[in-house]
Amino acid sequence: MTMIFIFLGLSLLLSYVLSRKQPTLGAYFTIIASLAGLISVYLLRNSVGVTESFYYLNFQITTIGWYFAMILLTVYFTSAFFNPFWMDELIYPAAYNSLYLLSLVGTIGLFFAQDLMTLFICWETAVWSSMLIVQQGKSRQAAWVYFVISAIGSMSTLFAVLLTMYLSGTSEITGALTYFTTAPVAGALVFGAFILAGLTKIGIFPFHVWLPLAHGSAPHTFSPVLSGGLVKMGAYIAYLSVAVFPAYQVFGDSLKIQGVPLPIYGLMILGAASIVYGTLRAIQQEDAKRLLAYSSVANGGYILIGILMMDQMAFAGGLMHLLNHAVASAAAFLAIAAVAKRTGTTKMSELGGIIHRMPITYTVYLIAIISMAGIPPMGGFVSKWLIFQGLSEKGLILLATAAAFGSIGSYMYVFRPLSAVFLGQLAPKYEHIKEANPVMVTAMLILTAMSLLLGVLPNLVLKTIAKIQIELGINPIIVNGTATLTENGSVDMLQVFTVFGFGFLLILILFMVLPKSRRVGLMDTYTSAEFIHTPELLHYGHSFYAPFERLYEKWPSVLPLYKRMSMKLSELGEWAESFFFHPDPNRAVLWIVVVAIVVIIGGAQ
Amino acid sequence: MIQFAGIALILIGIYGLMTTKHMIKLIIALNVLELGANIFIISVGFVKNGLAPILTADVPSDLLNFVDPLPQAMVLTAIVIGFGATALGLAVARKVYGKYQTYDLSVIGGEE
Amino acid sequence: MWSPVWLIVLPLLMAFISVVIKKQQYLLLNLSILLNLAVLYLAPQGMVIIGGFRPPFGISLNFDRYAFISLLLIQVLMLFATFIAGPLAKKYGTVLLVLLAGINGMLLTNDLFNLFVMIEVVSIASFIISTSNGKFTHTFHYLILASVGGVFFLLGAVMVYAYTGTLVVQGLFATLGQLPNAISLIPMMLIILGLAVELKLMPVGSWAKNIYGNSNVLTGPIFAAVLAPAFGFVFGRMMGEVVVLNPITGYTLLFMAIATFVLGELAAYRQKDLLKTLAFSSIAQSGLAIILFTLNLPFAAILLLINNALAKSILFWVATGVSTAYETSSMKGLRGVFYNHRILGITFSIASLSLVGIPLFLGFYAKVTAVMAIFTTGLIWIPVVILATAIIEGAYMMKWLLQLWSPAKEGHLASTEEVPEKREALNMTQIVAVCLVALILFVFGLVPQRVGRVLSVASQAEISQVETVAEGGGQ
Amino acid sequence: MKKFISFLLILVLAFFLMTSLNSSLDFFNPPNSLDETRMSNAFIHKNASGGSDPVEFGKSTGLEDGSANIVTSVVVDYRSFDTLGEITVLFISALGVGLLLGAGTGAKQRSGFILKTAAKLISPLMMVTGIFIFTHGHLTPGGGFPGGSMMATAFLLNYFGSGSISTDLKSLKWMESLAGVFYIVIGLIGLFVAGSFLQNYLPTGTVGHLFSAGIIPIIYVLVGLKVGSEVSGIIADFSKSEVTS
């Protein structure tokens, strides 16, 4: 395992050197490096429990770590296919390529960390290297917000980590965290500080503000990694703080709601809030990438709730949703990136009818959003269904309602880019664009195939998850051949797929057989005597959900709250500056006297 | 009793430093403060009916009546240091005057 | 013959000589720093008597590990500072020599009054260096405050003498501790207040804003990287050997230090000017070091001082070099400037990441050590404050990094068209020197435990405690 | 308003300072003799390095310190290092003044007949007195600093009288530099000969004689010359560069 890190470390240096010579070369190299990483981590699947030390970093292979690392590597690997085509847009391509691999090293290190210090070091490495990538996109502000929100998480984690190390006297993750079974008060503090990092990274309400900003303005090739990959780091922290950290024991004495301790329930409510909020906001978005970012917020809510449940089904659902969402969201972002590469924009109102020029990209996107929305027969359905099962079994009605709401709402937001970007009439200026480059298409097809496979045979993954559950000592999810068994019944996705596939074929045949509709160009209007100055206004992608937008125009947003907080901090700084740093020697002497008086009076008593 | 004079001068000096905005006056106030401090230091070594700590032909041989020479030595050093700071302060003040034609800091305002 | 007294005498001798041969000032300056480094290497550790009278009757120098570490840091940074400042250092060669002698004296001396003399030497030399900013009212402000501080320190020292009859620094706390609190209160307050001015503590350190904020390539590094750690080390020595804190002085000092740290970072957060940002950042970091010294955690404080000194020197070199070349230090004017100066940009980034305390840099180790050490005192709220403030520090440092690296308007991709026209910020040899310091910082970050092991002896703390902290920081 | 607040604060400070100092110790009540714990007792009895023979003026020889003026023995012998620091302060501030104001041109001062004549008469006398004071620093009150200042005053008077700086400033610089260098060299000889910096390695002679006390008179002469030249230098710098608009 150490070899993997050394190899990736060397290859990031190599990619820097190559990129200095020829940026595209370095970018192709990132594909090779991440593929090599993927293969070598895959080969570790049977060496669970092996520990290794590298310098002062200690690593251990665990099933869950392996699972997370595989997800991340998949996303990094497929997104790397897009890197070579964006090199000319970036001002520091060499830095991009090497930081791309550095953030990969950081994330993998995080999942394999054996002790808390290693965990934190890898965490920070991933955060700041990805922050430096995001800044190469459209917005410095976004990168900054990303860093600050992450820093809130990082610093609270650091506090938790150090306090844990101090109290327990060890830094080995399992040993240190299980210490708190005997010290519930300190445990509650550590739990809160620790999981805050997870919340900020997953983008749980109210820490979601960085997601739309960072995902929306990061370089197009990096948005899939952010959404599909790095967000999952937060899920890992959430996993650690509820599964490894004895959260249910620490809060054993607190008030319980349907068997869930109140603090954990509160976190679930936050997860539910981000489902609802993310969904509603996503519907409103005008920019395709921001829309997907908000959908990540919503999906992050599912993942958080699933993991926090720590039970047979929802937990399995949460872990599986990680993978499903990673694959689907990466595919969707990549599809949008492919469109942006050809058209130069991600604004939905400026696009339309791209299906006529980029049909494969369209298919990729379609399948991705089906999975994201949780429509059978894609993988997203299985995981959401499992979470729903778990929630309803425990009787957590409120959360189940939110989950259901999110599922239905997701139809609305995934449909918007589908119709606004891909369907409808083709704008004249995009008349001559071509299908995406074969290299990019390859990457997208890999993800699409995975999405389909996960939908048809979810048990491939559920087996691994069952293994994790056994390690944690909770009831494992039961799989039987192609069927997944739950207490409320079983589902066999192969059957579902067959039914859906059959229906799809039927429709396809009908579509082929029935007479073709005539294509009408965007400029081809009935107002014959009038010249169309702004054709995009005529496209129905324009003001797609205008009624909804009007509906929550006045809704409060969270971002201004943060801005106001930042303003308040600035004001406090200004006050301090004018009060204590007055450019007047009299003032300073006065302060000396005041301090002297305070000390003397205080000392006199 | 001499301590009171020292402390009073220190306080007067501080008062001056707190109120005036005139650079030369600030330096004068600083000097008053330093003077007060020096007097205070001298007073620390004082002995009742003490003599200056210099051996001459007619001091008693038990030497018990000498005041403490160490504070005096310190004051010597402190005076010179105060002199140095004052000289430098005046030079800076003149530089400011050369630039703004005034010694009044409130007229100059905050120099950015 | 290899006595640490050379560290003071040699620069002083060179200074006296340099008055008459002005042309060779610079050479003499560099020569004496290099010779000082040799002396540091050769001189045996221990107490050195001056004038042939043992303490308390004569003055003595305490050349222990603590002094060694601080002196080594100061000589190295001084060497680089004078080298990089080049022509300016030539003009102020004699002053820098005296400054060096004063700082060395301050760090070595074992006599409270002699410490006062050395502090005055240093502060008068630093007044003169600060005039090279060309803002004389600021120098005046600094002069008044530092003089008042000096008088306070003197009064404190004299009162200590009046009460205890001795001025020897080493072990003075034992004698002072026997006095009732009501008696030791005022001298302790005077000593702390006197030092607080130079340490830039919150209500009394107002001079620092403008002196640091208008600095040039000489003053910035000298103030932030040489004077600040020097006074920090002196304060550490005072806390370790002299100052007896009772609850009121202790809490006042702690409160002042925390206020300096938090409000300083907040003030830095709102700055739109690079040098002003760095100025407030220096103020705040000095507050953090004082928190640690006040809590009697010298090991963490030393680590922090070293990290800050190295990082701040790089930041100030790059910032002053760039802002002089482009004639602005505002955020707007310097946007994307590192596109032209990649190497400077990388060193600046290393320094700022280390300052913020990002893992794999020395600053992280320092921060972890500090927090772990504070846990042992039981004051859990202080780490919370420190880490919360670290977010603010990270926020403004990152803002600057992002702006300085990206030649782009907000909402647009970076493009070479936005890059300001290239000018020479520092010449090749200067860049190499800055890189060397950055390399030192980087290497220290890679082997933090080794650095820690060297320092743990210097901190004179119980070895067992320091060891666990050092291990905790790295594993 | 500001003055009122300042006044109030000063009053408060004064009140609490007084009560605190008064209650803590009978600080305002001087002792009848020097406290035993004070190390200055050793300076007075000249037994810092052992020995308990009583010191007698004009008789005791070969003491650890041969200066009759005990303040001088503290300043230049026991705590000579402070004095080195002190002349460094003076040196650096003179240098600073030179750096700040030295760039200007010398300005003519108009002076009347009486001042002119008196200056010519008095300034050599003052010069001689100054030299007397610092050569007898180990015997009588005074020493290098007052003597040096007196020389500088003579220099100032001379300037007032003649209207311009007649002395060659270069020679002042040389004097300043050489005095400082010799001070350190004497100290270093101590380091090499006697084992510690600034140690008295010459015979201390008999207390009260002019040629006694080892290196003390030598150092005081050097200090006197250095102070005289530095203060003169400061005066010369201030006389320059009349502030122009």
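Chains here go by letter, A, B, C and D, matching the order in which they are written, and residues are numbered from 1 within each.
Going forward, contacts are C-beta pairs under 8 Å (C-beta built on N, C-alpha and C of every residue); 3 or more make two chains touch, one makes a residue touch a chain.
No experiment lies behind these values; they were computed from the predicted model shown.
Central chain by Cα centroid: C, whose mean Cα position is closest to the mean of all protein Cα atoms. Set side by side, the interfaces A-D and C-D show unequal numbers of C-beta pairs in contact, with more at C-D.
Separating the CA-averaged centres of chain A and chain D is a span of 74 Å. Centre-to-centre, using mean CA coordinates, chain C is 32 Å away from chain D.
Chain centres here are Cα means. That of chain A falls 42 Å from that of chain C.
Chain geometry summary: the mean Cα position of chain B and that of chain D are 15 Å apart. Shared interface positions of chain A, defined as residues touching 2 or more other chains, are 583-586, 589-590, 592-594, 596, 600, 603-604. Under the contact definition stated at the top, the residues of chain B that touch 2 or more other chains are 14, 17-19, 26, 70, 74, 77, 81, 84-85, 88, 92, 95, 105, 111. Shared interface positions of chain D, i.e. residues touching 2 or more other chains, are given as 2, 6, 9-10, 13, 17, 20, 27, 38-39, 43, 79, 82, 85-86, 89, 92-93, 96, 100. Residue ranges of chain D in contact with chain B, taken from their complex: 2-3, 6-7, 9-10, 13-14, 17-18, 27-28, 30-34, 38-40, 43-45, 54-58, 68-71, 73-75, 79, 82-83, 85-87, 89-90, 92-94, 96-97, 100-101, 140-141, 143, 145, 207-208, 227, 234, 237-238, 241, 243-245.
Of all the residues in chain A, the ones that touch chain B in their complex are 583-586, 589-590, 592-593. The touching residues of chain B, counted against chain D in their complex, run 1, 3-4, 7, 11, 14-15, 18-19, 43, 45-49, 52-57, 59, 61-70, 72-74, 76-77, 79-81, 83-85, 87-88, 90-92, 94-95, 97-98, 101. Considering their complex, residues 1, 3, 5, 9, 12-13, 15-17, 19-20, 48-54, 56-59, 91-92, 94-95, 98, 101-102, 105, 111, 113-114, 117-118, 120-121, 124-125, 127-128, 131, 161-167, 180, 182-183, 185-186 of chain C touch chain D. Touching chain D in their complex are the following residues of chain A: 586, 590, 593-594, 596-597, 600-601, 603-604.
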